[in-house]
Amino acid sequence: MTHSAVNGTSNSLDNEFRFSSDLSLENIRSDQHKFCEERNWLQFHPPRNVLLALVGEVGELSELFQWRGEVTRGLPEFTSQEKVRVGEELSDVLIYLVDLAEQCHIDLPAVVKDKMKKNAVKYPVHRATGRGDKNDDPSAYKQETSDIGDMQREREEGDGSE
Amino acid sequence: MTHSAVNGTSNSLDNEFRFSSDLSLENIRSDQHKFCEERNWLQFHPPRNVLLALVGEVGELSELFQWRGEVTRGLPEFTSQEKVRVGEELSDVLIYLVDLAEQCHIDLPAVVKDKMKKNAVKYPVHRATGRGDKNDDPSAYKQETSDIGDMQREREEGDGSE
Amino acid sequence: MTHSAVNGTSNSLDNEFRFSSDLSLENIRSDQHKFCEERNWLQFHPPRNVLLALVGEVGELSELFQWRGEVTRGLPEFTSQEKVRVGEELSDVLIYLVDLAEQCHIDLPAVVKDKMKKNAVKYPVHRATGRGDKNDDPSAYKQETSDIGDMQREREEGDGSE
Amino acid sequence: MTHSAVNGTSNSLDNEFRFSSDLSLENIRSDQHKFCEERNWLQFHPPRNVLLALVGEVGELSELFQWRGEVTRGLPEFTSQEKVRVGEELSDVLIYLVDLAEQCHIDLPAVVKDKMKKNAVKYPVHRATGRGDKNDDPSAYKQETSDIGDMQREREEGDGSE
C-alpha cells in the first residue's frame, strides 16, 4: 500500500516523495550556532528560553491548520502562499529543536537513530501488518484504527518511561 | 569541553560541541516512512494527526523542564537518566516533524536552508553585535536583553497587534 | 440532547448543553492556591514553571486526539473511559491556566470579559452571518470556510508577515 | 509561608491577590457559544479545530515569556503593555479551552472540582509539608526541589491513567 491508496487516488509516484538534499542535522546546528554567535545571541539561548521559543513556533504551525477540518496529504487545499508558510513554520520548529539539542548537549542524530531502532523492536512488523490487511471494510478499518491507535498510544503513554 | 564561553567565561572550546554524525533529514524521513509503511500505518498519518502527535511530544519534552526553574546549558542539574529522557523526547519531536513535512509534501531541508538565509538578512550582524558588546555591565545586559528580545520578537510576532 | 443543529440538522435543543454548576475562576484560583500553600509548593510555581506545566498538559490533551482523524462533537467515537481522560486533561490545563494568571497577577475574569467584548466589536455579526447563510451548498460552504477561516486567522496572526 | 517569602520580600499582602469578580466557566461558555452562534461559526468549531486553536494561543502566550530567562511573580520585568498582552493571551487560551469542553460535551466545572479533590487525596499535606520545612538551607531546598518535582511529576506521568 502506498500514500496514494490512502489518498484515494492511484498515483504510485506518491511513494517517491523525498527531500531534495542531504542537509544534515549537524549542518543546521553549526549554521544556527554561527548565526547566534555572530549576533552575540547565544546568551539568550539557555535551554528553557529555546524550549519556549519552540513551543511558540509549534503554536504558529498549528494556527495554519486550525480552522480547516481534516487536511489531505500534500495540502491540496492550501494556496501556494499558505503552503510556503507551513514550510517556514516547520523550519522554525526544526531550527529551535536543533538549537535546544545543542544547548542541552544532546547528540541528537545519535539519539534519533537509537530511538528509531528501539521503535522497530517495540512495534514488530507482524503484529501491526496483520491489522492493516482489512482496509476495505470501513467497520474493520474503524476497529483497526482504534487498535493501532492503542498500539501507538502505548508508545506515548505506556509506563511513563518514555 | 564546556559551554563556558556561552555562560560568561572565555573558554573558546565552547564552539566545539557538535553532533557526532552526519545523519540527514532525508535519512530520518526515509527510515520513518519505511517504518510506517511496513506496519501499514501511513493511513494513520494524515497531516493533522501527525501535528497533534508532535504537540503531544512537545508536551512531554516540556514536562521534563517544568518544575526546575532556570536550567543550565548542558543540563548539569539533570541525572543521567533524566538527560536520556530529554534526548528521547527531542527525538520524538524531530521524527514527527520530519514525518509531518513528508505528509505536507514540504521539502524541509530546502526550506530550512532558505529560511536561515532570510534570517541572516533580516537580522544583520552589525545591528545585533553593537548591543552584544556591553555584556560586562549587568544593567546594560538587562537593557540589551530587552532590546534583543524585541528584535527576536519582531521575528515571531509580526506587527504585534494581537 | 444532541448537537445536531451544530452538525447541520435543525434540532434546536442543541443550545441546551451547559455546564452544571456556577463554579467561578476565583473558586478554582483560591482552591488551587490553598492546595499549593498547604503543601509549601508555591515556591515551585514561578510563572515559567507553571507555563511549562500548562504546555505539558496541552500535550497530554492532544495525545488523546492524535490518531483519530476528525472527531465528532460530543465525542461519540470515544469510550467512556477515554472521555473521562479528556475531562481530566481539560481540567489540568484549566487549573494551571488559572494558577499562571495568579502568578502573573493577572485579573483573569476581568480580562476575559473585556476580551470577549473586543472580539464582538472586531467581528461584527452582519459581516459573518452573511457568509453563514450559504450552508446548504457544499462548494459555497467550502468557500465560506476559507473566508471565515481568513477572518478568524486575522485575529490570530496580525499582519501575517511571518 | 506566603508568596512574599518566595519572592524574598516580606509583604504579607501578597497572599491577598485574588480575582475581582465571580465570573463562572458557564458565563464564559454561554457568551462564547452565543458569539459563535450569531456569526454562524459553530460549524467551524469541531473538537480538533478548537484544540489546534488552543495550541496556537498557548504558543502565543509562550512567545511572551521566551527570551526572558526566569520571570518573577507579578511580572515586574514586563512593561504594562506587555502585561496586557499576557492577559489577552491567557484569555484566548481560556476561551478556547471552555469552547473545547463544550464541543466535547464535557461538564468542565464538575470535572475540575472532582480533579482537585483527587489531587488533594493523592498528594497528602503531611507528606509535602515535611519537605517544605527546610527552606532556609539552599542545598536542602535543592534536594527538596528535586523531591517535590518527583512528586509533582508522578501526577503528570505516573501510570498513564492521568
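Should a chain be cited, it is by its letter among A, B, C and D, assigned in written order, with residues numbered from 1 in that chain.
We take it that a residue touches a chain if its C-beta (ideal position, glycine included) is under 8 Å from a C-beta of that chain, and two chains touch if they have at least 3 such contacts.
This is a predicted model, so every value here is computed, not measured.
Chains that count as touching both chain B and chain C, per the definition above, are A, D.
Here B-D and C-D were compared by C-beta pairs in contact; the pair with more is C-D. A separation of 25 Å divides the Cα centre of chain B from that of chain D.
Work out the mean CA point of chain A and of chain D, and you get 28 Å between them.
Centre-to-centre, using mean CA coordinates, chain C is 14 Å away from chain D.
The residues of chain A that reach two or more other chains are 44, 46, 48, 51-53, 55-58, 60, 62-63, 65-70, 88, 145, 148-149, 152, 156-157, listed in rising order. Chain contacts here are complete: no pair of chains fails to touch.
Within the complex formed with chain D, the residues of chain B that make contact are 48, 51-52, 55, 63, 66-70, 145, 148-149, 152-153, 156-157, 160, 162. Here chain B touches chain A in the complex through residues 3, 6, 8, 15, 17-26, 28-32, 35, 37-44, 46-48, 51, 53-58, 60-62, 65, 70-75, 83, 85-88, 90-95, 97, 100-116, 119-120, 123, 125, 128-129, 131-133, 135, 145, 148-149, 152, 156, going by the rule given at the top.
On the side of chain C, the complex with chain B involves touching residues 44, 46, 49, 52-53, 55-60, 62-63, 65-69, 155-162.
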